[in-house]
Amino acid sequence: MLLHLQTWQEVEEYLEQNQGIIIPIGSTEQHGPTGLIGTDAICAEVIAKGVGEATGALVAPTVNIGMALHHLAFPGSISLQPTTLIQVTQDTVSSLAAAGFQRFFFINGHGGNIATLKAAFSQTYAHLANLKLPHADQVRCNVANWFMCREVYQLAKELYGEEEGSHATPSEVAVTQFVYPEAIKSAFLDKEVASGHPIYSAEDFRRHYPDGRMGSNPGLATPEHGKQLYQVAVKALSEQYLKFLDR
Amino acid sequence: MLLHLQTWQEVEEYLEQNQGIIIPIGSTEQHGPTGLIGTDAICAEVIAKGVGEATGALVAPTVNIGMALHHLAFPGSISLQPTTLIQVTQDTVSSLAAAGFQRFFFINGHGGNIATLKAAFSQTYAHLANLKLPHADQVRCNVANWFMCREVYQLAKELYGEEEGSHATPSEVAVTQFVYPEAIKSAFLDKEVASGHPIYSAEDFRRHYPDGRMGSNPGLATPEHGKQLYQVAVKALSEQYLKFLDR
Amino acid sequence: MLLHLQTWQEVEEYLEQNQGIIIPIGSTEQHGPTGLIGTDAICAEVIAKGVGEATGALVAPTVNIGMALHHLAFPGSISLQPTTLIQVTQDTVSSLAAAGFQRFFFINGHGGNIATLKAAFSQTYAHLANLKLPHADQVRCNVANWFMCREVYQLAKELYGEEEGSHATPSEVAVTQFVYPEAIKSAFLDKEVASGHPIYSAEDFRRHYPDGRMGSNPGLATPEHGKQLYQVAVKALSEQYLKFLDR
Amino acid sequence: MLLHLQTWQEVEEYLEQNQGIIIPIGSTEQHGPTGLIGTDAICAEVIAKGVGEATGALVAPTVNIGMALHHLAFPGSISLQPTTLIQVTQDTVSSLAAAGFQRFFFINGHGGNIATLKAAFSQTYAHLANLKLPHADQVRCNVANWFMCREVYQLAKELYGEEEGSHATPSEVAVTQFVYPEAIKSAFLDKEVASGHPIYSAEDFRRHYPDGRMGSNPGLATPEHGKQLYQVAVKALSEQYLKFLDR
Amino acid sequence: MLLHLQTWQEVEEYLEQNQGIIIPIGSTEQHGPTGLIGTDAICAEVIAKGVGEATGALVAPTVNIGMALHHLAFPGSISLQPTTLIQVTQDTVSSLAAAGFQRFFFINGHGGNIATLKAAFSQTYAHLANLKLPHADQVRCNVANWFMCREVYQLAKELYGEEEGSHATPSEVAVTQFVYPEAIKSAFLDKEVASGHPIYSAEDFRRHYPDGRMGSNPGLATPEHGKQLYQVAVKALSEQYLKFLDR
Amino acid sequence: MLLHLQTWQEVEEYLEQNQGIIIPIGSTEQHGPTGLIGTDAICAEVIAKGVGEATGALVAPTVNIGMALHHLAFPGSISLQPTTLIQVTQDTVSSLAAAGFQRFFFINGHGGNIATLKAAFSQTYAHLANLKLPHADQVRCNVANWFMCREVYQLAKELYGEEEGSHATPSEVAVTQFVYPEAIKSAFLDKEVASGHPIYSAEDFRRHYPDGRMGSNPGLATPEHGKQLYQVAVKALSEQYLKFLDR
């Protein structure tokens, strides 16, 4: 049930039964020579829609741009500053909380968003309390990273072992291949791929990871893997979401 | 050519030929009893994609949430504060300008975004000059409102006359019906519809526009109209975009 | 009735009868070789005082510095960033709204302020609602651009035709000549004057408009024209203000 | 020499000889039962103009609204938040410094502005250094409080002794009477007047200073005193300004 | 080597050899009925000093107040908002980076700081790049949580098993007992202690964790344990710091 | 009574009797060739602890980093921007005021903090009123500068006369020698020492004060002087604090 495809009166009815909402959040950033710039948003969106279908939850529009400052040395990458993303998150949650929503389940496709989202949640709770919003103390936010679900992680390890890596991974590339088979890319992938260097500035990142991959071999990805990963992620996150609602 | 479906290397190649990019921006807000909450984003996105196809331009992911504070008394609406949207715009343009983009053509689906976008452009030019970005003085932003193209306006007047109104209009609803025929809504639409009251606070807005429409009769919309409006808008904005590139 | 020349007790009495206030806002920016840097503030102030006299409205002190980032390549120009002007507007309206004012009629002398003021109004309404100010939902702000009144526009066209242009116009220069006849300037005005180029960065502006004029011939201005324009503007805006109060 | 009455070309010429500018800053706030709400801005402006005439300095438009949060419980008072005034100051100085100004002499009419201005100066120096503005290290700002000049203070003590007080003082009221003899107010002034309580919140201020005066008897003010005080202040500040330029 | 006990000339000499610095960061927040409000700062500070002695590193003054919004329903707790802590971190790192420091090793005593610190690091790298600081791309920040060192974690598990819990833990209380034996507290500790509830708003936190503990039994803490934990932490973090310098 | 060494339950009990708290604030900045970088924080902290012992007041942890932008050209100096320090102050006071504290007595060791703290207090009062915090109108903040107490000033003059100077003074150095006799430094101190130049930018400061001292001879400092100064300051500030509580 996509928020964008509802009327306000349908949302009003939904709220009488249910105060939960799913918010997909991705990023717009390089994903190596064969990964799509929209990888993180595409994965978050498709999985969020799947969870919405499986659970009857309302799904908000995707936050397409996240915190990707360390990727900005690669063209096509776009990033919000952390303080901007905090404000975007606070404005979004506050708008919906004022209407009666109380459970905000962010399905996240990008590791770089996690810290900022957590900071944003803290700031938002305090903001809502300051506003004396009724039920401010009932508002709960959660960031659920599809790629960190135990079941997804296991499947990725089975399929790719060490070649999964940590950015531009075959598993996320596979999900985008499943969603957009017409946009499967081929490009030279050096067998040697850098890994293990922590993330600092954008310039430092590109120096250490010259083609954008972090320890991954996305050449292993297939659309079929993508479908499997998608299904496993939807199942795992649907359970998480329902538990989150119940808490 | 969707940015989200490119690799960073493809963007690098594009930039060698072309420094323009299209950024669709909509809103997530009530559109009356039969209009979709995502109307403004849906229209901006589909038209932007059309313009991208017609002109070969790169199209960035859609900014789904805009400045809709006056709609917040209707559930399902989400708004950024103007200062947040200014920061989002500045971060977005700055990220892309650092990579070499110089022409930013925002295809906009929501009247409430216009003022804030214009303020954001001014602030961004100054920011880029402060950063001493090479070619900062070549960066140009433009907001193109699809519903204000002369040709679109004329067609809407032909089709709907005075019943076009100014929010939850049949023309924007028609475009969403063309895009999502499976999500055409029917609901009671009072023949009497408020109009003419300026926009102030959210509470005042809902008091004056109790079902969310501003002088419009979206019951007149059809998917066929939507297709026509879409085609006219794509044609008009494609010309505008190409002129903008050339300036 | 100038706010600056009242005591707080006189304001208290005024508020018992009337919750309206006029706020003149101008800019401090180049106005071509013969236009005063204070043109926009001077015009807004004198017209606001005239409207105050005609309607009995309280007139706040003039906001002398506005959003003029695009003029900063000319010495003597001063600009607030849009986010600063938003904050100034919010602080001003909030101070007065807390005391009981409800109708804020900005008489504006500078096109570059419009977008930012509109963004500021939206943000301010939401701020006042967040503060739970009594009657927050009654607060209304309006930007009235003296140079865009139909009657003013017609007179300017009669007097100057195409030579009115859009910046450093003979009509605004004429009003300053009427107010400060001792400060009428003469300087070389090239017959060729640039026009038609949109406004982007400050550097780009100066490159395209090397003497600061946009399509105008301020050499046509006379103090007598200024008096006429002043009178027409005061009459038109007085009517607008009274209607605004009544709404 | 008023900036508002110059053209940009005249400012360009001025800058070849002189990099100093005077910026009057006041406040819009209650000044007791007989004091004008604009007292601080009126005094700063008239004295700044006098200093400009005496020294040939350029005088910027008056900052009419300052930091007066503690007066907001009296109607008609308007205040910027300190962080807003810091940003206004930074934007103003940065605009002018980019054009070549290096000495910023703020003539201040309101004690409540001092702390915020000093904080703003510090932040602005660092901002200009961050921008790598040429001559950033030559930019100097100074706040000169006309009522704290030794000579003014002595004259006020001679004229009013202990009845000078510290807010809504006879000396500042006298200067406004000199400038606006047509706006001399009479109202009941209790002989008992509160004094000695430090300034905390607006509500606390009004509770302790119910008519707005702090230990003062503005009933002693006369336009003739105002003229004397004006002359003494202009003389003293002209010397200060010239020394400041030379440093 | 404590920064606070050096002269600037000694720092200048240090920088010729070494560009690393340790910054202890804690929090000021409730730690259950027997835990000190300063627990997190005390632990971070003493361990940072130990690491400084072991490695010859300069140790900055302790950031005593962190991100503890969820503890604010307990008196004595103080929190910065995340955006404030981001700004504090950016200002701190920027000050030191401008002087030549390149490696910033935050020794952290509070889980609630981690997300905000990581967001702050990202924002700071981009800020330094924007400033065009020489060697901006060499600046690296790291947050090292003493309580999450593998060796510390193992010792805590050995000593306390499941009763370690996750807030007001016996291990952190033990370290404070080792540092301040004179401030060992005794108070009633219910055997039943809440656990497992995620952290949302302050009000929600206190409702679920009424005495402030999260699954812990701080009654098990002894100063001797504290000494052991301290020693293990210093050893582990000294190694981490030296590796961080070398990278 | 140090806040850091209390439990939240002890703070709860304290608040039943007493709503006052002392907050030491210093700076981390160069203090000439022999002064410690932590001088201002060390002095503020030790004196605040003394006042806490003398009066039974609770003493918060020290704010170690203040507003020292003008010292940033000397390595080891760290500064918050004024707007950051305003936010830190507001967050700190707001946290404690929500718990019931009403009297905030900042014991300050650094002249450069004063303006920003005063601005912060004003902003904080307005913030608390906006939050509708019960007793918001009872919150009072005060900045007490130990080095400006009449008794301290007199003693410093007796001991050092004109050689006291205004930065890196023998009196503040003496207090640090009393606290940290093991960290007494000796270095070449030129007999010629700059003085009298106002404080502008960091670069300008270092140019005029090349070794960091402002007119002072810290070579005169002794630990015995430090003890005397400490005792005089504690006595004077204890009286001030008790009066502040009573007001």
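First chain written, first letter: the chains are A, B, C, D, E and F, and each begins at residue 1.
Assume a contact is a pair of C-beta atoms (placed from the backbone, for glycine too) under 8 Å apart; a residue touches a chain by one contact, two chains touch by 3 or more.
Only a predicted model underlies this, so the values are computations on that prediction, with no experimental measurement involved.
Asker: Using C-alpha centroids, which chain lies at the maximum separation from subunit E?
Answerer: Of all the other chains, the one whose centre lies farthest from subunit E is C.
Asker: Comparing residue numbers, which of A-B, B-C or A-E shares more than half of the contact pairs of C-D?
Answerer: A-B
Asker: Would you mind telling me which chain pair, A-E or A-B, is linked by more contacting C-beta pairs?
Answerer: If we tally the C-beta pairs in contact for A-E and A-B, the bigger total goes to A-B.
Asker: What whole-Å value do you get for the distance between subunit E and subunit F if each is reduced to the mean of its CA atoms?
Answerer: Centre separation, subunit E to subunit F: 24 Å.
Asker: Could you please state the distance in Å, as a whole number, between where the Cα atoms of subunit B are centred and where those of subunit D are centred?
Answerer: Chain centres of subunit B and subunit D, defined by C-alpha means, are spaced 46 Å apart.
Asker: Based only on mean CA positions, could you tell me how far subunit D sits from subunit F in angstrom?
Answerer: 29
Asker: If a residue has to touch 2 or more other chains to count, which residues of subunit B qualify?
Answerer: Residues 72, 81, 83, 132 of subunit B each touch two or more of the other chains.
Asker: Which residues of subunit E touch subunit F once you look at their complex with the stated criterion?
Answerer: Subunit E reaches subunit F through residues 2-12, 15, 28, 30-38, 41-42, 60-65, 72, 74-81, 83-84, 87-88, 91-92, 95-96, 98-100, 180, 183, 185, 187, 212.
Asker: Over in the complex, which subunit C residues touch subunit B? Could you list them?
Answerer: Residues 67, 69-70, 72, 81-83, 86, 112, 114-116, 118-123, 125-126, 128-129, 136-142, 197-198, 200-204, 207, 247 of subunit C touch subunit B in their complex.
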